[in-house]
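What follows are several structures.
Each of the next two complexes has chain A plus one other chain: chain B in the first, chain C in the second.
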Partner chain A sequence: MTPVFCIVALFTLAGGLAAVTLKNTVHCALALTVALAGLALFFLRLDAQFVGFAQILIYIGAVAILVVFAILLTRSSEPEASGGIVSSRWLAGVIIAAAVFAVLGWAILRSAPALAHESAAPAVTVHQIGTALMGRYVLPLEIVALLLTSALIGAVIVAMHENGSAK
Partner chain B sequence: MIEKLDQVFILLRDWLVQFLPADWQAIAATVLNVIAIIAVFPTLFAIVTVMERKGLGRMQNRFGPNRVGPFGLFQPVADGIKALTKEDVVPLCADTVVHFLAPLVLVVAVFMGFSVLPMGRNMVLADMDAGLLFFFAMGASTELSVFMAGWSSRNKYSLLGAMRAVAQMISYEVPLLMSSLAAVMTAGSLSLSRIVDAQNRYTFGLPHWYVFTPWGFAGLVLFSIAAMAETNRSPFDLPEGESEIVAGYFTEYSGFKFALFFLGEYVGMFSIAGLGATLFLGGWSAPLAILKWVPSWIWFFGKLMVAMCLFIWIRGTMPRLRQDQLMNFAWKFVIPMTLVNLLVAALWRFIGPGWTRWVVCWAILIGVYVLMGETILRKRHLGPRSYRYAE
Partner chain C sequence: MNPLPGYLLVAALLFAIGLAGALTRRNAILVLIGIELMLNAANLNLIAFWRYGPHPEALTGFLFAIFSIAVAAAEAAVGLGLVISIHRHLRTTDIDAMNRMKG
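Then we have the complex of A and B:
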């Protein structure tokens, strides 16, 4: 529990809390970005450079932009006049959140004894990650690449003009 | 003596640090590095603004600034004082917090990029294993600040400008990343200092810079195009198209916040030009083996300034693109070319030394370029322009 850890944890938690409590949807998205940046800092503190930078690049550079664009293009970001921030179905939400937390916690607690023989801090360089991706995990990588390409083509087809004059 | 001149900044830092107790020395050295970066690049920004205004003036057959100091050289000082003393106007309906945070986020993210750029021999703030990834991660964070600025102003022009800017930056980030990947593939590392080391070798007195290979030349051209679009520079400066949307996402900014946006834009240009120089032009290495005695930082900053002159030159001579031209250019020409370039870089590596790879690589690149230009231009009806939404 070093001071740096406490500061980053505070920011992450505050960002996460603000993301669900703020009324303006764009503010929520920006608060979520703070939480994601905090997570990236945690990865960096654990010496996972690649994951940390990929987190910033993908979640702050792409996902956050996608979220704010989706908000702006679908409906007004202004809060609705009626009702508070607490939904009428809050109980279901609490149960789902608790269940997800329980599953994650169970998985993490179970994985700890399995990795007991690993060295305390495995030094993984970007080079090793690249070699693993291109060697052992090349098939999953290719499958994901195919999936993403088809998604991209699908998005273009959805956005194309109906009469075929895509200009 | 020459060795000392090359390392003068490092020696100066070590000399300053030794007065402190041993525990503080490492921290103090880092702080001094950061101060150096924060001091040097805004100074360079001031110099480049004068250079740009004088240069543009020359190209447009006028004088440019010539009132403050000799030849108007102190114009940035006057501009700085003006920006500091100007009233900071925040629109009544604006989202005050986000409006305030946007320029800060932009400037912080832009300055972070310098921490991995090697600006001379041993002159890199943080020599990270994944330096290039860090650079692009920071570059991606600037998009959000642009959006924050445009959205929080509650102004249609601002929002339109922000939308344009974000769409453009996302589109051109892909070719930017993929054109630099060619250099990464050949150097075999994401660390920028190792990429420079890989280019810092000489045959017959000529350097092994990547720009002197077919894929490196194409990569540099594609990288420069993408870099110009990424920094919202002319001819890709639609996000701040004055004739249409006032000033784009910073329409509602005044005084020092406006100056911060201005600073962020130029410092972003410096960092991306520095990255281009590092990836393709050998970073701080000398252009000829006999010039190795010149301090390495002079070469880095010299390459940076040449890149800035090129930026200014292009701004003074190229017309602005239209939005659809911009997007078509990115997705139908630049991205396919970067993909082909990646393939050529791989071929270059696996064919091995000899004249065969020169012929094959140039043939593929020029062939694809000509073929793609033909197919794109054939569909285009060159003639009087027709408007869909205006008459």
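Then we have the complex of A and C:
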């Protein structure tokens, strides 16, 4: 538990907590960005530079902007004061989340002595990643390409105006 | 001191926060934010196990995390497209008010 780890963990968890508790949805999106940046720092600390920078590019660069756009597009007719920001059965949700964390934390703490120990930092070059993607993982790569194409087309079709309505 | 349990605990806590957000918020976009937090907590687990696992040179968890990020990006695009479409029909993003699937 180095001080750097504690600070980054504090940032990430505070950002995550703010993202799901704040009242203003734009503030929630900004807090989500803080949490995602903290996770990117975690990835960099874990010697996964490629994933860390991919996280910054994809999540902070694209997903956060997408979330902000969706919030601003759907904000116009918000019935703000109709029963608060949480659903009617929020207590059950909180209890379920606390129970899930209790089970996960118990499992982690019980298995802590058996977990793998610190090893030398692996040096991952982009060349190695490319070779792995084009060799052993070429089939998942193709499937992800297909998935991204269909998600692109699907998102456009779902969000598109239908004939006759609106416009 | 072994650093792996620390990362796993942070990931578990972030997952629980995301789950609580997804289960309790009424705004559909906030539910999607909760789901994004849960997916990212899983990614942190994958990278931590890859880094401290017995064979980091095999890149297994590393590439799994990259594929997971790609799938999460597709999920976010489709999910937010659906929210915008629902908002156009019902004029609300309150999931308590979305109680019928017929358009």
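By our rule, the second predicted complex is superposed on the first by the 114 of 167 C-alpha atoms of A that agree within 3 Å, B and C clash if a C-alpha of one lies under 4 Å from a C-alpha of the other, contacts with A are read in each partner's own complex, and residues count from 1 in each chain.
Note that in this section contacts are C-beta pairs under 8 Å (C-beta built on N, C-alpha and C of every residue); 3 or more make two chains touch, one makes a residue touch a chain.
If you're wondering where the values come from, they're calculated on a predicted model, not measured in any experiment.
Q: Scan A:A62 for contacts with chain B and chain C and give back first, second, both or neither.
A: A:A62: touches chain B and chain C.
Q: Check whether A:F101 is in contact with chain B, with chain C, with both or with neither, and answer first, second, both or neither.
A: A:F101: touches chain C, not chain B.
Q: According to the stated criteria, A:L72 is in contact with first (chain B), second (chain C), both, or neither; which is it?
A: first
Q: Which partner does A:H127 contact after superposing on A: first (chain B), second (chain C), both, neither?
A: first
Q: Applying the document's definition of touch, where does A:A54 land relative to chain B and chain C: first, second, both, or neither?
A: A:A54 sits against chain B and chain C alike.
Q: Of chain B and chain C, which one touches more residues of chain A?
A: With both complexes superposed on chain A, more residues of chain A are touched by C.
Q: Is A:T33 touching the first partner chain B, the second partner chain C, both, or neither of them?
A: First partner only.
Q: Of the partners chain B and chain C, which touch A:S88 in the superposed model: first, second, both, neither?
A: Only chain C; A:S88 stays clear of chain B.
Q: Give me the intersection of chain A's contacts with chain B and its contacts with chain C, in residue numbers.
A: 50, 54, 62, 69
Q: Considering only the defined contacts, which chain B positions touch chain A in the complex?
A: 95, 98, 128-130, 133-134, 136-141, 143-144, 147-148, 151, 159, 166, 170, 173, 188-190, 324
Q: Considering only the defined contacts, which chain A positions touch chain C in the complex?
A: By the definition above, chain A touches chain C via 1, 5, 9, 12-13, 16-17, 19-21, 25, 28-29, 32, 35-36, 39, 42-43, 46-48, 50-51, 54-55, 58-59, 62-63, 66-67, 69-71, 73-74, 77-79, 82-88, 90, 92-94, 96-98, 100-101, 104-105, 108-109, 112, 115-119, 122, 124, 128-129, 132-133, 137, 140, 144, 147-148, 151-152, 154-156, 158-159, 161, 165-166.
Q: Once bound in the complex, which stretches of chain C touch chain A?
A: Listed in rising order, the residues are 1-10, 12-27, 29-30, 32-34, 36-37, 40, 43-44, 47-54, 56-57, 59, 62-63, 65-67, 69-78, 80-85, 87-88, 91-96.
Q: So in the complex, the part of chain A that touches chain B is made up of which residues?
A: 24, 26-27, 30, 33, 49-50, 53-54, 56-57, 60-62, 64-65, 68-69, 72, 125-127, 167
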